[in-house]
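Here's the structure, in structure tokens; my notes come after.
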Amino acid sequence: MTPSALWSKYTEIRDRTMALATPLSAEDCCVQSMPDASPIKWHLGHTTWFFETFVLERYEASFEPFHKAFRVMFNSYYNAVGEKHSRPQRGLLTRPPLPAVRDYRRNVDERMRRLLERPANDDALRSLTVLGLNHEQQHQELMLTDIKHLFSQNPLKPCYQTPESYPPAPPTALEWHDFEGGTVQIGHAGEGFSYDNESPRHKEYIQPHQMASRLVTNGEYLQFVDAGGYEDPALWLSEAWDWIKINQHSHPLYWLGKDAGWMEFTLGGVLPLDLNLPVVHVSYYEADAYARWFGARLPTEAEWEHAASQQQISGNFANNNRFHPAAAVSAGLVQIYGDTWEWTQSSYSAYPGFYPAQGAIGEYNSKFMVNQYLLRGGSCATPSEHIRPSYRNFFPAHACWQFSGIRLARDITMC
Amino acid sequence: MTPSALWSKYTEIRDRTMALATPLSAEDCCVQSMPDASPIKWHLGHTTWFFETFVLERYEASFEPFHKAFRVMFNSYYNAVGEKHSRPQRGLLTRPPLPAVRDYRRNVDERMRRLLERPANDDALRSLTVLGLNHEQQHQELMLTDIKHLFSQNPLKPCYQTPESYPPAPPTALEWHDFEGGTVQIGHAGEGFSYDNESPRHKEYIQPHQMASRLVTNGEYLQFVDAGGYEDPALWLSEAWDWIKINQHSHPLYWLGKDAGWMEFTLGGVLPLDLNLPVVHVSYYEADAYARWFGARLPTEAEWEHAASQQQISGNFANNNRFHPAAAVSAGLVQIYGDTWEWTQSSYSAYPGFYPAQGAIGEYNSKFMVNQYLLRGGSCATPSEHIRPSYRNFFPAHACWQFSGIRLARDITMC
Amino acid sequence: MTPSALWSKYTEIRDRTMALATPLSAEDCCVQSMPDASPIKWHLGHTTWFFETFVLERYEASFEPFHKAFRVMFNSYYNAVGEKHSRPQRGLLTRPPLPAVRDYRRNVDERMRRLLERPANDDALRSLTVLGLNHEQQHQELMLTDIKHLFSQNPLKPCYQTPESYPPAPPTALEWHDFEGGTVQIGHAGEGFSYDNESPRHKEYIQPHQMASRLVTNGEYLQFVDAGGYEDPALWLSEAWDWIKINQHSHPLYWLGKDAGWMEFTLGGVLPLDLNLPVVHVSYYEADAYARWFGARLPTEAEWEHAASQQQISGNFANNNRFHPAAAVSAGLVQIYGDTWEWTQSSYSAYPGFYPAQGAIGEYNSKFMVNQYLLRGGSCATPSEHIRPSYRNFFPAHACWQFSGIRLARDITMC
Amino acid sequence: MTPSALWSKYTEIRDRTMALATPLSAEDCCVQSMPDASPIKWHLGHTTWFFETFVLERYEASFEPFHKAFRVMFNSYYNAVGEKHSRPQRGLLTRPPLPAVRDYRRNVDERMRRLLERPANDDALRSLTVLGLNHEQQHQELMLTDIKHLFSQNPLKPCYQTPESYPPAPPTALEWHDFEGGTVQIGHAGEGFSYDNESPRHKEYIQPHQMASRLVTNGEYLQFVDAGGYEDPALWLSEAWDWIKINQHSHPLYWLGKDAGWMEFTLGGVLPLDLNLPVVHVSYYEADAYARWFGARLPTEAEWEHAASQQQISGNFANNNRFHPAAAVSAGLVQIYGDTWEWTQSSYSAYPGFYPAQGAIGEYNSKFMVNQYLLRGGSCATPSEHIRPSYRNFFPAHACWQFSGIRLARDITMC
């Protein structure tokens, strides 16, 4: 990438972040609705802190932080960098005010511009910048999921954006695609950017299996609900059962009441539940229980990546500004990319031969490699250029505020 | 009070509320820093809800709520009125935006004006209006204590207002004032407004005792700290000891670090701890432990009221806009009113013959008559006209985010 | 009391403790069913520790503890004595085995005998011994309430003793006894033993009022339950309402199911609920709510003591070995003593002029003087000689595993 | 196996269970020291319940439960069987007394004998019996770990058995054994008993790697402790760091004080920490952190099983009655079996093609397949005939009360 191409990419992504915050008031940007989520203002500050800390501090001749306190306030979890503001207290930061965080962004952007314009800019600078941009794209998705969660808690059920109306689109029938067993290669291949946790590319042995042609729909999931799925302990992992009972879950996170028919809270406000669309905002626990009830299972990450690497990367991404899954209307193996993240049965661990990057950047991915499960393929809240076959997203089994859905798989011997 | 006098009082108090919010951004007004505190925006809405619910709904010919959802959102604890928004979730209400709550205030004010202007306005209307104004004054004080708590959690340690500088003022020596024993009367007397919990006026027998001439100072309290007061279980009630250990308290709430000398967080930001000023933001537990260490005790509420009823109501109140206690520089029994609330050893209970008001208004005071302790005399955050000798404030023994301080008493036989 | 009379009293009370443990296995004696309760074995050890620590250590010429570790294990809350075993972990002490604790008792008894036989035994020794015996009687009552709680948790619903059958005994009608207002004296008077918290005797002013002739019965309380008492927030203190909702209380602690009619768990196992008997095992919250529903209130401790001091001390005490309240079948002001402890509306605080005893013994009562409410009159689990008009028992408002019941009072002006 | 061989195996294993309880009093057997552990009496009842429920109920002509209430009390987690006694309340069951549980065992044993003697006994009966015996062996190990935990909480630090003295045995040097990469088969092979979760045997691809010749010793782990291992967040997974900070861990579970040198609590009481022995009672978090600090990693389960299947099954098992790991004194790849369970980096999930057994038995293993990590090889508390190369034990990452230790692995490219 030429220096000017990098700078152009930089401004495009940084502007997109601000554009996502446009529909929101300073109040909306300030509040944290649960410990797992962060305020929008914090996302705006933290993504900027990332460039300031990992790029400017290293490359600016006479580095001065924009504001000393921001160094702590906007650090997420990088112990090697120093003190961190306690995560559950991010929502108390009414100061700095939102305009001051915008100033912080502009200041860092200007300093980044000067750095990237320098003739001598080196590979490490460029690759740290690219890392920062990928990091920013991840936070773009979190901004959408976090504001959705906040708004869902509000009795006024605010709209993030005006809901558009889409014609009814009955999904294609669910079909099963066969995959042979054998040794396959997974992990990042090629030249483009990838995270350290996607490497090294390595061999895995997969069994003969089938994958469902598309995501599970709301209509299909509703059958599970109506069949008493949430009342039958035999369908649930032991800790999943505890989770649904303690939290009194009896349907996906954003489904609402059912007296006047099922509704769903979306970024366009409360809408009737569209049975054609993929079910979304389910936890690993729910995805696993649904699969068991159906007589199938979740794919492994190797199975998923093997299938995905044979597909074009296209789908319903955040670039559409729809921010909601869409129905599967084409034949073939579809919705692999976009719409919803797909839970796999694989827990998050290091690939054989993996070693984390040196220094604080090495904390990016590797310190979460326990008690998390892998999601693949991106969602309607993911920027399209952010995704690739080897991309590994991960969340705890109870997480459901992400755009997470279900693709089924089954062993070939089942048929 | 004439109708126009009442309306004039109404506008004065309602304007004061908005004036207190002036230094704050919409972000500052939105956030809740702990379950005991409420966001400023919620205070603005709730005090308005009070007039809408208890006055307008009863007196307007064709009552329509300003916004149906506000009826739930801004209800604090009145079960008889209907559903309530969960207290710990008040900080999630980024919508309605602050300007909409200001509109709500203006709308209700205008409707109140029309009501109060009516020739036929009756005693009950007028007395509910006065109740609403007193209620609003209580929330004015809470706005100050809640914003102080929020700002204290922020690493930027923001100022609510520019700190003024006061000349050093060494306090007068602590002296003991004698009071004879015998039957006294306490409870509200006379014509003015009072809450139901101040009645009926009744007899109590008090013992011969002494009261300290002024509040305990920071300097005196620091001696207790330096003497290891927070490390000696013999000085603490059993549950107080658990409280300081679990919460790791070793000094009053807003005292800070001591490496470079003790500092104190105030509404004017972080300032050096002024040893001349009264200690403030102590819990009942701390007030009780300090008194035990000193060899004294806290006064009973009857003792306090008996002494206070012989004093002029004057002192360092919120009207000063100082919002911080001041040193006692006069002789005699001083600081009875203003500066800090004074913990008494009396738990909050009904006076003999007490019956709460009928209907939802009856929930105002009586449902809190367990496990709370009485504070008397108002503080630097209390409007001066809000206080009277019989005024009973009450908080749980662990509460320390109020402007609460210590006046000592002792039995006459001690001397 | 002569030395031999004291020793005879000592053996009588110490033997009674062991007799209470007779129906229990070593397993029954070892387990702790909740943090508020203690295992029987711990009670046996702790009452012995009390004599060893406060008497033997002071009076034996060459004191050696029976077992060094017991000094920590059996200390309840005396900080001045040294380390304590964590209260919630008392149930983990499977060692020492029960016989070793019996040996500990015998050893300390023998050493106490030698001490009390000495010609030179002094007043302080004798009064500490008497304190130890009164302490032991308190634990006799706790043994009964703690084993009742443990057995209530067991699906086998074991009997502590064979239930005797009593003929049906309809209670006398509830009548109201008038008491004039005026200055009365309360607090311990006379020569016998009393705790420090019953002194000094002092004056209080009481209002004209009425007291109910007897305790509230199960039948009367059931009317409150059937009338939806547990579903109406207007009847409950705010924190009481939270308590019944969080803990899902809808009836007194040991009432069971109601499908086949109400049953009650007793020390004689599960029996049909006898509507003639006093309601028992209610919390302060429940007593207060019942009184509000009835249109009455709880008595103050001064009112109670004033009435009680005019009565003979007789009633249904632990000496009967019935361990359950009995119906009120006589006319007059009855059941003042025995049957159930009677909640008063008074919180536990120091009498005017009170100073705790010096040293560790001073921790006995005074460190609990916050957030507890007074109960008066003893119960069917209290030894008769342990009670007196001035006796002050105290528990937190939520406590209901004690034999606590309800006597109503009301202001004279109500009539 | 002939009927008489099966009955002989049955009595041998059932007797062994009772023998393990012999050193314990009824009190020791009754108490539960934490929710993860169970009382010994409950283990004795539950293992018996297993035969009664899954064998007798199915095969006895006119089945009558020994005691109806035991059906609920001794059910662990089998939802398909009916109600369960709440796990954290297992320690409240002072009744039935221990002798009654022994009677229950004898009764079920006698009925099992009659069943197994029948000429017509079928394969399913025999295989359910074998399952019950394997289940009982698992509980034999839990009895040892649970009693160890209970005793560790007791200030008297009781001995389960008299400690024997072993001559000092310096371990062999740590060496690395090479393994080639390629497709291997893992999962149960052959005729003997295995759990459903060990099947089907299937292929996995493993990378070239090395495994350490023996377990990590106390001496080696102490170097990690002394180097500040518990103070450096860079060494710990993010949730591991939270875990050690919240629980204030700074060394393995049963290490004690270090003022007078490190000691260790064992089933033979408190002994000096033997630096020659394998470190034991470490969590997955600690095993992972140690490996990272060392510059290695934990093996995967496929790597482990591949190596183990080339070894003789012999080692320091429960049969020795030593119940503590022993030093590695031989050359080669040693301690694969016995001494301590070995944490792998693999999370617990279904093998490809796995389907759980039908009915309640299907709940045995499969419902725990989330957020647990695999341990392999058995320990000094495991019966030797219970283990095999394909055996999969699993516990949550924080579990440390099992005899769990560390074997290191590393990628071949590291060298």
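The letters A, B, C and D name the chains in turn, as written, and every chain counts its residues from 1.
Going forward, a residue touches a chain if its C-beta (ideal position, glycine included) is under 8 Å from a C-beta of that chain, and two chains touch if they have at least 3 such contacts.
Since we're looking at a predicted model, the values are computed, not measured.
Enquirer: If every step must land on a chain the current one touches, say how few steps get you from chain B to chain D.
Expert: The fewest touching-chain steps linking chain B to chain D number 2.
Enquirer: With centres defined by CA atoms only, which chain is the most remote from chain A?
Expert: Computed centres place C farthest from chain A.
Enquirer: Report, in whole Å, the distance between the mean C-alpha point of chain A and the mean C-alpha point of chain D.
Expert: Between these chains, centre-to-centre, one finds 37 Å.
Enquirer: Calculate how many whole Å lie between the centre of chain C and the centre of chain D, each centre taken as the average of the chain's C-alpha atoms.
Expert: Chain centroid spacing, chain C to chain D, equals 46 Å.
Enquirer: Please compute the C-alpha centroid of chain A, do the same for chain C, then give the distance between them in whole Å.
Expert: The separation of the two C-alpha centroids amounts to 59 Å.
Enquirer: Taking each residue of chain A in turn, which ones touch at least two of the other chains?
Expert: none
Enquirer: In graph terms, with chains as vertices and touches as edges, which category applies: line, ring, star, complete, or other?
Expert: Graph shape here is a ring: one loop, exactly two partners per chain.
Enquirer: Which part of chain A faces chain D closely enough to touch in the complex?
Expert: 77, 79-80, 181, 183, 202-207, 209, 233-234, 236-241, 284-285, 288, 297, 300, 345-347, 349-350, 352-353, 363, 367-371, 373, 397, 411, 413
Enquirer: Which of the residues in chain C come into contact with chain D in the complex?
Expert: On the chain C side, the touching residues are 25-31, 33, 69, 72-73, 85, 89, 91-98, 150-151, 153-156, 158.
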